[in-house]
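What follows are several structures.
Below are two complexes that have chain A in common, paired first with chain B and then with chain C.
Our next item is the complex of A and B:
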């Protein structure tokens, strides 16, 4: 029976649900010209949620609602960073939304609902909770992509995302039902013990494969990456930023819960499968990104390749590998918010600033923005001493530890290939002349500029001083 | 007397084959109305399988909600979307055979099911509801509101998001549109709307004797 203590464990989630519902009401009763306040209220709500997650952190792993919900260190870290990335998304997107008359309360409430989905997903202790958390997150994401309803590109992206997302949910659910049939339990902790000597090992493996498809789709790893480029390009840039940051942290959390939480005994089966997915993602992501002319599309392919690196960490299937993968997921979220943040800062009404050519000669127009973008690009490429380099380094280290030297070598080769398209952006910003007619003025929003600068500079700071964050990530899986 | 377990097994396989066959028909039939009817059959056969597994509540919910409401809605939508008017008119005769087949198969399934239920077969292992001495519905309700309370609430949250997004995507406030303001209508002062004019109940009619003949003589 659920007790009051169960509710206390879920305090941050319940608080966010209540806050999102109140925001919804507030939005409905507000005059249109007052709605600007919603922006600040939403940010405050999320900051309080971050405080609740950190302050209420139990000394050791706690479960609630009969094992449905697990609150451990790994979940806490993922929650803090996904909430943080949504705060960044809110700050970056306000001028963009106002310029395009997309500023409405639903953007904020639906995104808060999505982040509740993230929090539930990374804390799931049961297959049912994994599925429901994922649905809450993806349903909100479909809505957010479609919210820019006057743009045919957005509608198309939302439709593709919805159809493919429904298909992958179906696959995941199918796999779960097979696993349930084989093991007779939905509880991940119980599955952990039951997988090795389940009555029907083939049924178990069958289910595992389908669940892997679901995970790969959610991460956006090849060969289940088809939706990523269209959704990244079609969605309005704030939503793309969300999908590239918080959503990826959630996907890592889901993969960790399913693979380590439930299927650890079958690791020798899923390790090679994940290795193949990792190689395919790195290859397709890095090679196709080279020919892109649209920056958002290029970053989409870059996401695919980054998910390949993240999966290398998972292939290790040990605490070192998981901590490396989590470190990587966090680094990717921060890098993606910085890169998309620059796009949002440069975009004006009627000018999306999403073609790579729009960045030509940015250094002459705005040296500081060009510098921030350069930091983001170098970090994504994995140039030392930036954050992205150490994230890649740890992941490759994890592959070598797992006696998969070939995987590490493939990773390095594709990282070098990937350098090309990141450096191309930097070259255009610094060495090309701006085209005629490109708008030169920046978004005047001071908060955006300050926070964006901090976000990009953190990439340098964490690249130099990465010990504490890595320490947290390790603590989450070792202790 | 037939062996109960064998009969139940035969029923299960029959239902399973029909379910899979109907599901295949859903995606292979070219005529959308036929496909919807096949989908109805799929749901119905699935419900029968659930009934065999003694999940009565789920089976009935599937029939009431999906077959009864959602599929009828589907059928309406499919028929409304069909632009070919001739096809629509000849629809009844054309769809009659498929409809009949679906209906007959459903009837046979129901009869078989009643047969199995009447014989109280127990081939599916111990039913937790029976073990707890409760009806299936009561057991399901208890499980839903105790062990599965959190997932249940989150499912509600998902529906909320669905509603919010649906409204956000479809609501367009047009300034040219005319709205009824109920609050203003209620709080209106009668004096602003109706002017009461005092006048005599009877008014002396003025003599028109002089004018009348003149008008009549005109044509």
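Our next item is the complex of A and C:
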């Protein structure tokens, strides 16, 4: 029987579910021209959720529902940043949605359901819970990608995402069933002790490999990255922003729960596998990004490479590595929201502003937006003193810490290669002349501009002073 | 006592960039005056270093240390020795001259140009102050961003190619240094460069670390054969960009060698001294010949920069040879001191040469030597300065160019007469390309009708060139203050070389 205490532990999640249902009702009774209110209510709902997560933080790890749900420091941090990135997505996407007549209540409710999926996933203490959270997140994401249903590109992307996503979920589930067969438990904490002396070690390994495929698919790491470019390009930009930010934090959370929570004793098996995935991701992501002409597609390949770096942190398989990987996931979420935020700020009805050429001469048209985009690009490229550099630095340090100097060297070599395509965007904005006929007007939404500016400037601020954030990340994994 | 002098020096120009940017493209004059104000303020603050720094005591002084990232033990650590002080003052002087030099020349987005210069200045000062390796790396890399923008926005026709090459090339070198820094961190648990200096390392480790550092700094200096980005970057950069690049940024490379290679991996440094000496001699002789055949003035000066920086690397590493093989401390000090003086002197001479080329380019919009000739007939004052800097460039006694080169050649002779002989070739080759350049540009009849219409330098340009001339002559005639400033630091560096770490 669930006790009242269990419900208290899950308070932020229960609250969000209730709020999302109420929003859905509210939307049904609302006139279309009043929908602006819904936008602000949704943001308020999320901010309250952030408050609940932070305020209700238990002093030490607690579990609920018989170990199904774990509330610890790592989960809290991931939840806060996921909720925050969804707030950013809401703020950035309003003018975009209004321009395209997509400004509907469903966008907000489905997005909130997706983030509930994220919250369940990062707090999962049981294989079933992982699967549940993941499905809630991905099913909502499929719907969001198809949001712009009149666009063939969106429908195609949603279809691809759904087919590949279903396949990977199947693999994950298959792997879980194997693990269950070998260990006789679905509970991650129980698995933790059982993996090493499982009756059928081969079956266990078999399951592990299938679960790794599921993790790599969710992260979008090569060679399971095929869906990323199409989905990034095909989905409407707000949804892409969500997939690039909150969804990546969730994927890291899932990887952490499965690998450290359940499979830590098998680390010597999954470390080399992840190292290969990391190298492949960095190689494919960075090399293919060079030839892209569509900015969203380029950022998609850049995501793939970034996931490679994140995985380097996981390869370390110690608190050092997990905190570095978490730091990396947060940095990537903030950089992605900033970069996509600039795209959203420049897009207008009939003009997506998603070709790299659309950014030509941006410095003449809108120096401030060009400056913010430059910060995001240099941060993604990992040039100090921006946040992205320190995130890269920490994962590379984690590789050296794990006596994998070669992995760190591969990492920096691909960082050099990756530099080129980020610099190309800066080149377009600053060095090229604006083409005739390119619209010069910006989105007039003041909130968007202010929040976007803060988002990009945080990349500088966290580059100069990143100690506290790293401290939190470390606390989450030590002791 | 106010003990945040170094922080003030770093952050004053960087924060000054904000109001300059806010002046906006509509008010270029406000941006110019503000930029000048902050450059002059920074210069004035840097002058306080001279009395504050105790040159006789040596060592790292004016120490500032705050915990930056507690969980990693990274510090925001700043301190200076004599060499840093000299380089910082060089930087702040060049900063003023660059802003004045760009006054009317930069017409588009003036505020952004000035802001980029200010940020660059702050970061360069940061490099010369940092005692924490991660902090050093951050400044070292961050410098690339404003320079990338400076070349790319206000540069010549092939600026995009040049600036991308510059950025990627330099980044390529420094990431390997980053790996070396991380390795040292794993070994020692700190980023404090002072601790690293006494960290025992095996020969194998030292060798890897040596090459990790060498690739970063050799690209920055640049040394043969990784120098190819420099001529492109110089040719395409705006005048101010070239001046900063040649006068200060190249010194960051040799400064890095002093701070990292010499104290941290001295045994590997000794082992590979032959490599650096050979590469330096190739830079001095071969690059000298390459400079001889250039048709573009900026390229010629760029190649001559490489040759002159060859003297700096030669002077630094010849000290290894003298100390470790002969135990000749005095000669080693002489070589090291020569290298240091050469660093400062080359800062002023190359800055002046690029300013001269900028002056000509602003009038005729070409950098090709063949388009000029007979310039002395229409611009006698300009000719005066140009000849003076040309003389300094080929190392005429009485100019700053002579002091450093002479000291390095002397030290090389005591190490090995052959090295001294080859190094001395520069006196002939340097004179060859510089004097031939002067002959083709200044002397002779005016063949190009446009040259006849060129106007004499105005007050602003005269100020910049006169300032450079005064500094070149000052160091040339009375190098004693500069040598004294760096003397105890050089002695300490040389003493450190003698310590084996294996």
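Note that in this section the second predicted complex is superposed on the first by the 479 of 479 C-alpha atoms of A that agree within 3 Å, B and C clash if a C-alpha of one lies under 4 Å from a C-alpha of the other, contacts with A are read in each partner's own complex, and residues count from 1 in each chain.
As a convention for this text, contacts are C-beta pairs under 8 Å (C-beta built on N, C-alpha and C of every residue); 3 or more make two chains touch, one makes a residue touch a chain.
Keep in mind the model is a prediction, meaning the values are calculated, not measured.
Judged by the touch definition given at the top, the superposed model places A:149 against chain B, while chain C stays out of reach. In the overlay built on the shared chain, the residue A:139 is in contact with chain B alone; chain C does not reach it. After overlaying the two complexes on the shared chain, residue contacts for A:427 are found with chain C alone; chain B is out of touch. By the touch criterion defined above, A:272 lies against neither chain B nor chain C after alignment on the C-alpha atoms of chain A. Applying the stated contact rule after C-alpha superposition, one finds that A:471 touches chain C and leaves chain B untouched. Here chain C touches chain A in the complex through residues 25, 67-72, 109, 112, 134, 137-138, 141-142, 144-145, 148-149, 152-153, 159-160, 163-164, 167-168, 171-172, 175-176, 178-179, 182-183, 185-186, going by the rule given at the top.
By the touch criterion given at the top, residues 363, 367, 378, 383-385, 389, 393, 396-397, 400-401, 405, 408-409, 412-413, 415-416, 419-420, 423, 426-427, 430-431, 465-467, 470-471, 474 of chain A touch chain C in their complex. Across the complex, chain B meets chain A through its residues 146-151, 154-155, 157-158, 160-162, 164-165, 167-169. Looking at the complex, you find that chain A touches chain B at residues 1-2, 10, 17, 21, 24, 64-66, 68-69, 104, 106, 109-110, 113, 116, 120, 126, 128-129, 132-133, 135-136, 139-140, 142-143, 146-147, 149.
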